[in-house]
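What follows is a short report on a single structure.
Chain naming follows the written order as A, B, C, D and E, and within any one chain the residues start at number 1.
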């Protein structure tokens, strides 16, 4: 047939890849009126270059970045895909019970100083315990695998990592000191606001509305499968790279936890979130987007 | 015909040559004599067009050949190649013949560093004489050679000059050599060096 | 000592073996296959990568890029280096550019190339070439500055034509510089190709290495790294060193 | 031409200006400040980065690492290169190692260093040094092979002690190779420092560049890249070139 | 006392020297004569310990000095440094004095390439004679010099030998030089070269 093609620039190792594999494996793309062409890239910036360079129609990113780019005049839009489910993990035998116990210790952070989980936790520490987490601890920023390793070795007392590494870390004797959704809730934010999503160009959506809708539907269908059907996971085993069954299950459950409700995004909550990020992360994180620009979240019929 | 008219040549503040003027007709041989460090090589280099940083002017024909004060061979090319790269017209046979004339045809396929200094100098001589030049510059061409070899080289040079009749300028420290080869002798003296007593030799 | 033990090829093998022993020892000390696996534990995954054809395919992609960029960077770099080394006027003009391009982060050049030229092979190769040319230029320029004036004068007096002069007078003097620039160059090129690949290509060793690194699969990272190194060792032994021996023959004759 | 226009310093300024003009033109053609902003639009954010003290601080961090790694890599590389170039026995043994380490991806060495030594400064500098040493060695080895045998013989007959021989006979001959290795070396080192910083340090230009690159803030990436380039231009003009002029004086005297 | 006993010296398949044996006592001067390419420099280099790839053995005292067939100066060091780096004991004054003896004290702070070849050769001579050596090797030390300068250098060498009494080996192409300086003359002839008719000179 002559279905329109949607070129997706994706992190080959990312969790998006799992969803994409399910979409392709079950022909959910064609069922929803488009063909998904997956281009693998090895790093996040690579997908953004592909998107900027017009080689990819859709990539995965967080909506803060979309807001930032919109504020710069880029007409990008966002289709929710996953909620923030990061957290700060410590070793089970570390004796650390609450954030203040980390004072004077090292925290390993994979996403850099602008990591959203880190920023939320800083705000939370300020609000709940009245101390500046950034000032009272030493941060070690590094590549996710290195933070993973440093956390397990005890080189850092706590670790904030990308969630699939967190899942592995939890499977290896670490636990959440505090989850980011708890912290977000305590800060009056909506933990249901999905952080990650598919990013498309507004122009593309305008000229191919049916593809954008198809993508949203296909994504939701894939998630339904993954949510309910353990068998759907068997096909993903290899690309998940879990070392053992415990890790595999941790990854699966982690993914399921991250599936957003599907309800329309609460823009007011998102705006509050963005303003907090703007305050903590500054222009380096949000650029000119100090409040939520119009039209970040794509509303489909 | 080569015409040299050097008003002044200086290295930095030190003037080395002043008012050196002469011309050498085809077939003529001008010997340049003078003490070490007076400016003989400098004069030759100006005449050959290597050094252009002087006041005055020089005219000389196109096809020049030169025997430098040191052999100046390409150490990464064989002896034969050192000739044939400069004179591609010679061909392998011509190259070997030229080397034979200076007595080192057996070294044709060795590298210059495998030769004794005297042998290297002879390669340089062979290179200068391989193709009939219109001007020939020679800077002490016959040193580092034993008397017999030197005599052979001298005879060879004499023959070449007689046949090809280039305008020849040559620097030497040996009165005997000068008298034998030169039609004229030019002596450099003083500081800056000037021409002293040009006289006609035999 | 035994004759067989002093033979160059034997030493070569022994030397590589020593390196493997070092690896084994390091792995034993580390005692964590996640961080540094034992060499033998990589054999099975290696065989699998070869069988599926993945490794040869990615290797081939990377090699093509390396070769293209190498040829381009070396030729441009030698020409520029010669010009800058020989002509002070050119040098004065281009020197600041050289410093800027020499120190422009690979990342910046790569991203700009991708955004301008597009995410394609041309951009990838252009990015690597642009990254490497200043390096080659810098080294060759030093060589060009150190040329023997005596030989140039000889070539001038005897009116050697430019081509012959370049080939027989200039290049042999530059040979050690070219050899140095080429060797260290191919290594730098391959390192930049790795970055280029992970930033905007969907294949090649660099893509694979980064992918596996994201998964913290050090073993796979090593397998892919070593596959290129083995190719380089072969190139070194079968091409570069015999060629060099010939070119350098006059020094030891 | 006017005298002022041929003065080296004037040419230098003009040359840099030409580069800026090129940038302006390229930015005008690109016509997308997100991909390539105009130079003047970077002035305000630059001033801000300087005022907050962020840029100087990160720059300082990076410079410290670059200097450390540079000194270590150059000294080790020169020693190894000399040994390998002069002693064929050593060369035969170490050559395969050299090829391996030369072609080991930066990533691999960096990650292994971080994993073994820990996520700290020592590991970072060790990683950069290890990455760079083979490069320097390769270039110096070529220089060592090209040493003039006549001068060595002279030094031997007159029994010049080793230290003086090294300083006055060997090093001056290696100078062009050292200059080439140092220039291209500092550039490579800084590029590796960038990677090292983004993989496991919490400060430095590389850390900042990567941070902004993640956000696709090309302007900030350029600001940080250029700040280092400016430092390098100054080092080049105020240190390297005057020093080289002195060392090279004998060639032109 | 220097003792040379070369059974055979070959470059590849080509044997250059065979059965060359002699000794030179302190104060003695042995001149080595022979045609270009016969093996004189090779012999000297073996005697000086530069070339160890031969069959036979050589004994010589520690403190050696040598005038090579080419000047062999460090082009990146000034003339004065070329002396003082080899003979740090001299000091600036000693260095200048040594240069003055060969007539080029005014060039002390120039680089070798700024000197004429004859001047460079004199630097090499000054270097060899600056500090009383126990053995002195000289390979055609007086070429590229005008007769007057050559005469001065010869006289200088004679004086040094008379004062310091080193064992001296020197290669020359000039019978006159040999007769004047040498206490013994050794001629190389043949292929491979051997000693022909050793005779005592004056």
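As a convention for this text, a contact is a pair of C-beta atoms (placed from the backbone, for glycine too) under 8 Å apart; a residue touches a chain by one contact, two chains touch by 3 or more.
According to UniProt, the chain labels map to these proteins: B, E = Aliphatic sulfonates import ATP-binding protein SsuB; C, D = Aliphatic sulfonates transport permease protein SsuC.
Just so you know, these numbers come straight off a predicted model, no measurement behind them.
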Starting at chain B, how many touch steps does it take at minimum to reach chain D? 2
Overlap of the chain D and chain E neighbour lists contains none
Touching both chain A and chain C, which chains are there? D
Chain separated most widely from chain B, comparing mean CA positions: A
What's the distance between the Cα centroids of chain A and chain D, rounded to whole Å? 38
Length of the line joining the C-alpha centres of chain C and chain E, rounded to whole Å: 47
Where the CA atoms of chain B average out and where those of chain E average out, how many Å apart are those spots? 27
Separation of mean Cα positions, chain B and chain A [Å, integer]: 82
Multi-partner residues of chain E (each touching 2 or more other chains): 70, 114
Touching two or more other chains in chain A are residues 45, 52, 143, 145, 149
Quick check on chain C: which residues sit in contact with 2+ other chains? 35, 111, 115, 206, 210, 213
Between the chains shown, work out who touches whom and classify the graph as line, ring, star, complete or other. other
Contacting chain pairs, sorted by label, are A-C, A-D, B-C, B-E, C-D, D-E
Which residues, counting only chain D, touch chain E once they are in their complex? 150-151, 153-154, 156-160, 164, 168-169, 172, 175, 247, 249-250, 253
Spell out the part of chain A that touches chain C in their complex, as residue ranges. 11-13, 39-43, 45-46, 49-50, 52-55, 143-145, 148-149, 241
In the complex, chain B touches chain E at residues 11, 33-37, 40-41, 69-70, 104, 114-119, 122, 140, 143-150, 173, 175
In the complex, chain E residues that touch chain D: 45, 48-50, 62-66, 68, 70, 72, 74-77, 81, 85-86, 88, 110-111, 113-114, 127, 137
Contacts from chain D onto chain C in the complex sit at residues 8, 11-12, 14-16, 19, 30, 35-36, 92-97, 99-100, 102-108, 111-112, 115-116, 134-135, 138-143, 145-146, 176-177, 179-181, 183-184, 186-188, 190-191, 194-195, 206, 209-210, 213, 218, 221-222, 225, 228-229, 232-233, 236, 248, 251
